[in-house]
Structures are given as structure tokens and as C-alpha cells.
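In what follows, structures are represented as C-alpha cells.
Look for subunit A in each of the two complexes below; its partner is subunit B in the first and subunit C in the second.
Moving on to the complex of A and B:
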């Protein structure tokens, strides 16, 4: 009995002490959960349209992180089908489908209509039967609308395909910022910001973008107002002006300035442009990220000798170290749920996206692409993470280590994604 | 009588030759070192030694230390010099300090020269952190030049993070070359 008590006591000590608990954490190679299986026969309609639309739907189902599209070749009748015939549900159940999606595309001059039916196999019920109409140039809006309906009706998830990712694209030796929908569709680049543009960040209302440009032959911080298309200089101080992050209030950004001798984090008021020094150490302090309630700031510092992730309570400016595993932990980003921070971890020279809870527990390293992953950013509901891989593509993955889904198509080298819900 | 005169003349002439030869040489030749000729002096040996001395500028090979590099050459060397860093470090190694001393020497000799130091990183490591690291590398070089007496007003710094590799390859060798600080003379 006494032995058991001692063992229990020992366990308690180990589990409550955050530093020790972190060291005992197993380096988890996360496994994916089984996804819901969707059977989606090829759509019926004009040959020049159906293939592209079907492919976009299949990609969005994969990007959503919860669905897996069953290969049409495995269907009992693999041909294009616009509706599910009566009495055939058992055929779909046989191949393991949880849902069936059928679609018919039709075109009238410049308008395209997409008739979608979604059946839940287990209950034999329609969960969506709708016609989505769109112009031929914006077909993706129909696909995104039906995907959001599907996510809502099947799993009660918030809309996802109304969100955009801002990123950097390198082409011909120049780096520019642009944005696309979270499935990689519709890249729109911002022109006229210079040849080397980095560190893009959305405001919470997605009406403003802060970024770094070497336009004046120095890394300077700028603000682009997307409604007026006007650019203003936020900070052009000597040294670096980098890594902007909007405070949820929208009135201030955190950034890295080296004006006082080494890179430190400052708050910059967007109206007055006044700055306030937040970190004060001999070390490099950079990459700030605010919690969704604006009360905490995660950041990267090498004050203990190697770059690690820290959390600052903005009430009293007390700093707590979060990461204790690995010699290189950088680029923290707060989950919109406020309970965890994603960052880039390097172990044995391999860079991977990792997660840690805000109390420093449960550090999880995601296997990712295996090629070198960095710059994580959470989806608006905190369920997924987009990141950049050293192969020049942006991927979307979940929090449990499923195989990442590539959303870019290789026409340029992409980096530094930042994900936000577009407010209507 | 005739034989004796001939002998004396011979001796005097011989002595003259040897004495003159001694004056032409840089060193001092004392009388004791003059050895009696084993053979008759030839016609060539009787001519003035100075006439045979070559012009130093024409026939002696030009030694590098005797020419001064032009300012353009020194500027080029200055801008080609680079210092290198270990991964994730911004500290100076002895070789870097030696290079910086050479840079300081040029700068002291040319007080009107202003420069910008660029700090760079290799492609590993994450982008935002590398921007900060590049800054610290440039600052290390700047601080050391100031320590060597260069007026800080002459030096500005810039970080390019991992954005401007010297060698775009993805090898250890390329990465070593990319972890650098380099020097750019302003207003050339």
C-alpha cells in the first residue's frame, strides 16, 4: 500500500510540474483519424465543364479534412450519374460510402448551374438538394457554397470555403503577396509593392494587410487598405521592421524592430504610429502572435540560447517558456480557439509543424510532408492548419497528423501563408 | 730595367682594377682581400664596372610589394571579402576577425568611404527568424569594426535573411557560403 502511495506521489510530481511533464511527453507521430467516405460519381453535363467541376469538388472534400472521396473506379456502376436510383443505396453501402454526392451541370449562355444532391447513406435521407447558379467565371463560388452547406449539414461545422489564405509567391526572382481561396483557387496578386515582399498578415476583418517590403532598400513595414487600395508606411526605422501581427482589436500591430540594437517586439499603434517596446532582452525576440482574446502573445526568443516559443501575459508582461523539446522552435501562431499554439519545430535538421497547449503540455509534432514544413497558420475554426513546404507548395492538414493536402499548383514558389475568414 | 717597369705598371693597373671593383661593390673591399690575378685581366675587366651595371627598373623582376594596388582594386577586394558564420550563430570566429581587421585597414586609409553591411542566412531555418538572425550577423560585423576604430556613422546594416543566397544550391557547401556578412561601399 505504501509503495503505491509513493508511486502515485511521484506521478503527481511529474505530471504537475510543467517542465518535467514536457520532457516526459512522447514525441508523437500523430496518426490520422478515419475519414468519412464520400462516393461521388462523375457529374453529368457538358464535357468541357463537368471534369473540372468534379475535380474541384473532390479537392475541396479532401481539403476539408474530414472527407475521403472513394475512387469512382470502385463504384459498382462507375459512369456519370445525376441522381441516385431507387433501391441502389445498398450498392453504395457495400463500398463503404457514408455519403453520396451526385451532380448535374448545365450551361445557359454565360451562366452555369450545378444541381447537387447529397444523401446520407445510413439514414437514406437527402441532406442537400439544391441548384447553385453562378457565372462561368466564378464556378468556384457554387462549389464553395455547396461544400459549406455539406459541412454544416453533415457535421455542424462552420463555413470554411468562404475563407482565404494570403501568401507570398516567388517567380522570376521576385516575391509578391497575393491571396486565394483556401482550396488554392483564384490567386490574385497585389502589384506595385516592390520586388521583395514578405511577412503578410491579415487584420481580423480582412480589410487590411500588413507586410514587409524592401521597396526603399530596407525591410520596412507597410499597411495596405484593401478597400481603398492605399498603402502607407508603418515603420521604416533603421534595421529590420518585420513580422507584423494584428491585435484582435484592430487598433494595433505587434512587430519586430531592431532600432534599439537587437531584434525586439514592439507594439505599433495604427493611428498614431507610436511604438512601445514590449520585450527587453539581449536575445532575438521576434514572430509575435496574439491570442484571440488579445490577452496573450506568443513569440519566439533565443534568450535561453536556442530559439524557443514563449507566452507573455499582456496584463503583467510576465513571460513563460512553452517549448522545451528540440533546439529550434520558431514562428508561433495562436489557434483561434485560444487553447494552443502551432509553430515550426526542427529535430535533427528536419522542419515540421508542431502543436503545444498554452500551458506547455501535449507537444505534438505533425509528420507533415517530410520535406521541411514551416509558417503554420490556423483555419478560422482552428480545426486545420495551412503551412508552406520547402517544395514551394502550400498544404492543408489537420491537428492529428493526416496526410497534408496540397492546395497550390506549382506555378511559383509559395511561402508564408496566413488564413482568415472573409467577413461579408 | 725595361722588364721591371713593365712589372710595376702591371701591378699598379691590377691594383687599380681591383680597387675600382671594390668601390663599385656595395661592400667594402679591404686591400687584404685583393688577390693577385691568376691570369691576365681581360679587356672587359678593364672597362668601368658601372657601365655594365644593369638598370634596376628594367631588368630586375617586379616584386608585388613594390607596386601599389589602385583604389579601384582595393575597393573590389573590400567588397569581395566576406565573413562566415556557423548555423544559427552570429558570433565572429578568428578568421572573421582577421578579415574585419583588413576591412578596417582599408576604411582607415580611406576615411571618406561609407559602407553597408549585409547579413545573410542559409535557406534552412525559418524565414522570420532568419530575418532577425541576418540582422544580428550584420550587427556583429558592425560592432567589431567600430571596436577597431571605425566611426559608426560610416556604417549602416541590412538583413536579407535567407532571401539572397550567394549559392542557390541545396548542399552543405552552398549553405556554408550563404551564412555570411558582406560589405557594400555606398555611393560608388
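Moving on to the complex of A and C:
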């Protein structure tokens, strides 16, 4: 007994020894969301180049969903700055900057060079110093490269500015498809597909696009091979041939066909062109979207009276209704992370983008533009959503509903965006 | 059986100066480039002809600069903070006073970290994330060491916390109850996303 008491005493003495430190546990739960603040003085160099490049950088920082550019007018020196001068870092810290980006643009013939420096204020270190050279017509590629580097070096985020969005653009009475980079730069229209082209969908490898065209006065399904520019008719069956969605394997697409009069979802093998009926109900089943592992398919059906989102387990074809809120839920799209589905929701007559977990829980409606938002599509890493607004533009927002960033310039009416994976 | 058509892709790649300049009116592109090769679509960052990596030089600004600024703020913060005096008469148990001091100090430290930690909305909606950092604090409140000991496995989340901790060099001296007889205080600080993140 005495021995035990001594041992206990010794233990007490050692545990309170001055050489040892006390250990405390503190739990910090973030109080809300705050974007990281970037001070980006206007770039130095030829005025005809710098303002455009600076604006492009500022727009891309906003599109990223994690950065906010501090207004240059609030800087102590609001003029152009190419490097941070000795002894001025305090000034930037005082205005709340987490990062400082400085740039110098120079031009030699058709080549433009962009020298960029990024400083992390907290550690007072350069996290990147690079020179990007490209032709004046492709300067956006240099900006995208710089932005992807910044995303990586600051927060360790995956690259996103090498991804593209394909969309429908209505102009001069025609609806045609084309693509641009995810910040809206570099629109490339696909000509010769007819005057009414709809429902573009990327393949996972970003080499093919499936779409619907009224080329032959019927909504038919086509496949555009972007490596050869060849267009192939996938399904020209009587009735509707629409809403294609690539299976992650790339070997088949899901689509809506109304062979027997009622729109149902079918799988269409891209090699043999054979079809297989997947849904069978009296109602309209449409807008399929595969989970990233290809094991589930979200789709829209009005089998309960109003259009709602359903999830099918492709192993046993069991269907589970996901949405119960709202009278009109359409255009489901699976998150690349596979944990949620985004869709268009209408409760009071105005369309908004909504999110729901794949177990049917936690439905969230994003405030969006308030003008009517439709056709959501996830960014490659699933952090952001692009959508079409009824004002005719494409916007990008995050999953908590921050103010959307407009990426198109109003040059035409854009709809049905589809965000690609990273183009390699 | 199926027809094969050929199409052309017309690209409007705007010159940077025109498309993005805010003061150039509509921002509509003035040049059109006809590209009828699908390879254009494959074009990516490779179009940047050369990307020279400038050899890392020592920063032109000294870290002492920013540290001195942060120290100024922290000095102000630490001088503003006063250990609470136990309320009531001298009959209040000392332990209650010490516990209260510790709680107030922890709350103050939390406030400093809340103030510095920015959790951007575009990171993740995963509410289950947790990252733990080990902090070593001297008796006078200097942050001697900070190490990531348990990652959330979400790099952006961990980095957002690291950025916040990098901006803190000093906190108010821990109350005597926490460092009595010891040279320093060790803290396991765990961070999680905001309440309501689904």
C-alpha cells in the first residue's frame, strides 16, 4: 500500500515538473465565410495592354470563388506598381491584404510578356515569381496559367482555368453551340450544325460533345468529335432524341427518346448505336446525369404529378425520389464529387439553382441572380457552379450562394452551359 | 447507315486589350480568327510559349517589417487584455478565479484567431472537416512553434488555417494558472468549418 502511495506521489511530482509544458485543447469553429483579400495594383507597361490584362486577372480572381480583389483606389498609392518597394509591406497589411499581386507587361513585336510577383502578407514571402510570354491574341492563356499557379500556391486548389464551358448561344435568330474558357474568354462557335442546336454535353475526356440539332427538322442526337471536327448522327429516331449525358466510361450515353410516344431514358452504345430502355413509366422521364462512378443516374420525372428529381441505382434499377420541396425541379446534374446533385428549382414561379445530397437530405436553394437561374453545371473540382440566367448570361457561383460572377459579356443570349473537366 | 458531316469551328479569340478592357465600351472582340481544326479545342496552357521560372531570390521586403507591424497590433491587443479579477469578496475560492482567468484568456485567443482566419466559401461544404495544429507558447505569449499534427485531408482547408496562424506571432501571456511552474504552454488547436455548412 505504502509503495503505491509513493508511486502516486512520484507521478504527481513528475507531471508538474517545470521542464514539462502544460497542454491545452482549443476548438475553433469558423464563424462564417470570408474570401481572401488580394491587393492587385494596376500593372505597369503599355496602357493598351495593361488595363485589359489587369481586368482579366481581377475577373478570374472573382470567378475562383476564394479571392476578393481590394479596390485599387483604397491603396495608399493607387497607381501602377510593378514591384513592392522596400518598407511598404505594412501599408498593404493595413488595408487587409492577404496577398499582393504585382505585374509588369511588356511587348516585343506580337509577343507579350507578363512578369508576375505574388507575396503572401502573413509570411512576408514571395510565393510565386514568374514570367509568362505569349502572343497578344492568346494572352488569356498566360493569365489562366498564372491563375492556376496562384490557386495552387496559395490554397493548394486544383487548376480550374484550363477547363472550358460549352453552351448554346442565341444570336440573329439562331441557336448554336460553342465553347469558352471558364472565365468567359475565347468564344469558339461550332458552325454548320443547323440553326437550332441544343443540349450540349461534354465527354469526360473533353474530346467529344453530344448535342441535339433540328438539322433534319427533328430533334436528333449527334456526336461532334473535336479532334477531327466530324459530326456523327447518333439517334434520328422518330420523336424526341434529346438530353444526352456521357457515361463516365465514355462508351455510351444516356438520352431521352420517345420511340413509343412517351419520353423515356435510354442508354445508347456509342459503337453499336444499340439502345437499351432504362426507365419505364407513364410519365415523362428526362435529363439523365451519371454519378462520377457511373453507378447511379439522376433524372427528372413527373411521375408523381410534378417534375421532380429521382435517383436510380443502376445495379438493381431501384428508383428513389430525391426532391419533395418545390413544384418544379428539373435539369439534375451530379457533382464531380458524387455527394450531391444540383438542379433547377421553381417554387414561386422564379427559377433558382438548388442543391441536394444524394440521400435526399439538406436541400439548399442558392440566391443566384434573382432573375431566374437554370441549367446548373459543376466546375471540374465540384467547388463552383455555372448556370444560365434569364438575362441571357452565364454566371459562376459557389455552393454557399455567394454573389454570382457574370462571365459572359451579353453578346448574344447564352443558355445550357456544360462545364468540362480539365482540357488536356 | 449514319451520315457523317464535317463542321468548322469559328473562334472569336479577343485580343486581351479589347476584350477585357473595362473602358473600351462593349468589350466585343474586333478580330475574328477562323480555325477549322479541332486541335484548337485541345489547345490549353501549352499555348503559353515559354514560362520562365525566375530563380527565387530573397524577398525584397524583410519579414521583420511585417512582423513588426503585426507585433504592434499584437502589443495593442495584449496590453488591452487584463486578467479578470475574481468578483465578490475575498472569500471567492482562488480556483474559481483562476478558472475564470483561463476561460477569458482562451476566449481572447479564440477572438484573435477568428479575426485572422478567413475561410473562403469556395473551398468545400464538408462539415466534418477537422484540422489540428500544435502550438507552443512561451510564458510571455510568443508563438514559438506551430505544426500541423492532424490534417483534414483537404489541403485548401488546412492552408486557410495555416495562413491565419502564419499571421500570428504573439498572443496575450497565458494566465499563471496555465503556466504555473512551467516554461511554456502547449496547445492543440482544432479548426472546423462554420456551423450550418452542409
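Throughout what follows, the second predicted complex is superposed on the first by the 390 of 424 C-alpha atoms of A that agree within 3 Å, B and C clash if a C-alpha of one lies under 4 Å from a C-alpha of the other, contacts with A are read in each partner's own complex, and residues count from 1 in each chain.
Please note the rule applied: contacts are C-beta pairs under 8 Å (C-beta built on N, C-alpha and C of every residue); 3 or more make two chains touch, one makes a residue touch a chain.
These numbers come from a predicted model, not from an experiment.
*Asks:* After the subunit A overlay, clash or fit between subunit B and subunit C?
*Replies:* In the arrangement built by aligning on subunit A, the partners subunit C and subunit B fit side by side.
*Asks:* Once the structures are superposed on A, label A:265 by its partner contacts, choosing first (subunit B), second (subunit C), both or neither.
*Replies:* neither
*Asks:* A:199 in the overlay: touching subunit B, subunit C, both, or neither? Say first, second, both or neither.
*Replies:* First partner only, subunit B.
*Asks:* Using the superposition on chain A described above, determine whether A:375 touches subunit B (first), subunit C (second), both, or neither.
*Replies:* After superposing on A, A:375 lies in contact with subunit B but is clear of subunit C.
*Asks:* In the three-chain superposition, say which chain, subunit B or subunit C, touches more residues of subunit A.
*Replies:* Ranking subunit B and subunit C by residues of subunit A touched puts C first.
*Asks:* Touch test for A:66: subunit B only (first), subunit C only (second), both, or neither?
*Replies:* second
*Asks:* Contact-wise, after the overlay, does A:186 reach subunit B, subunit C, both or neither (first, second, both, neither)?
*Replies:* A:186: touches subunit C, not subunit B.
*Asks:* Check whether A:354 is in contact with subunit B, with subunit C, with both or with neither, and answer first, second, both or neither.
*Replies:* A:354: touches no partner chain.
*Asks:* Which holds for A:98: it touches subunit B only (first), subunit C only (second), both, or neither?
*Replies:* second
*Asks:* Now for A:344: first (subunit B), second (subunit C), both, or neither, which partner does it touch?
*Replies:* The first partner, subunit B, only.
*Asks:* Of all C-alpha distances between subunit B and subunit C after superposition, which is the least, in Å?
*Replies:* Shortest inter-chain C-alpha distance (subunit B to subunit C): 22 Å.
*Asks:* Spell out the part of subunit C that touches subunit A in their complex, as residue ranges.
*Replies:* 1-24, 26-28, 31, 33, 35-45, 47-54, 56-57, 59-63, 65-70, 106, 109-110, 113-114, 117-125, 136, 155-156, 158-160, 163-164, 166-167, 178-179, 181-195, 197-198
*Asks:* Contact residues on subunit B for subunit A in the complex?
*Replies:* Contacts found on subunit B: 88, 123-129, 131-133, 135-136, 139, 156-159, 161, 163.
*Asks:* Considering the complex alone, what residue numbers of subunit A touch subunit C?
*Replies:* Interface residues on subunit A, with respect to subunit C: 16-37, 48-49, 51-53, 55-56, 59, 64-67, 83-90, 93-94, 98, 111-112, 119-126, 129-145, 148, 154-157, 162, 164, 178-179, 185-193, 206-207, 224-234, 273, 340, 357, 362, 364, 383-384, 398-400, 402, 409-411, 423-424.
*Asks:* In the complex of these two chains, what residues of subunit A are touching subunit B?
*Replies:* 175, 196, 198-199, 212, 217-219, 238-240, 242-243, 256, 258, 261-263, 284, 286-287, 300, 306-307, 328, 330-331, 344, 346, 349, 351, 372, 374-375, 390, 415-416
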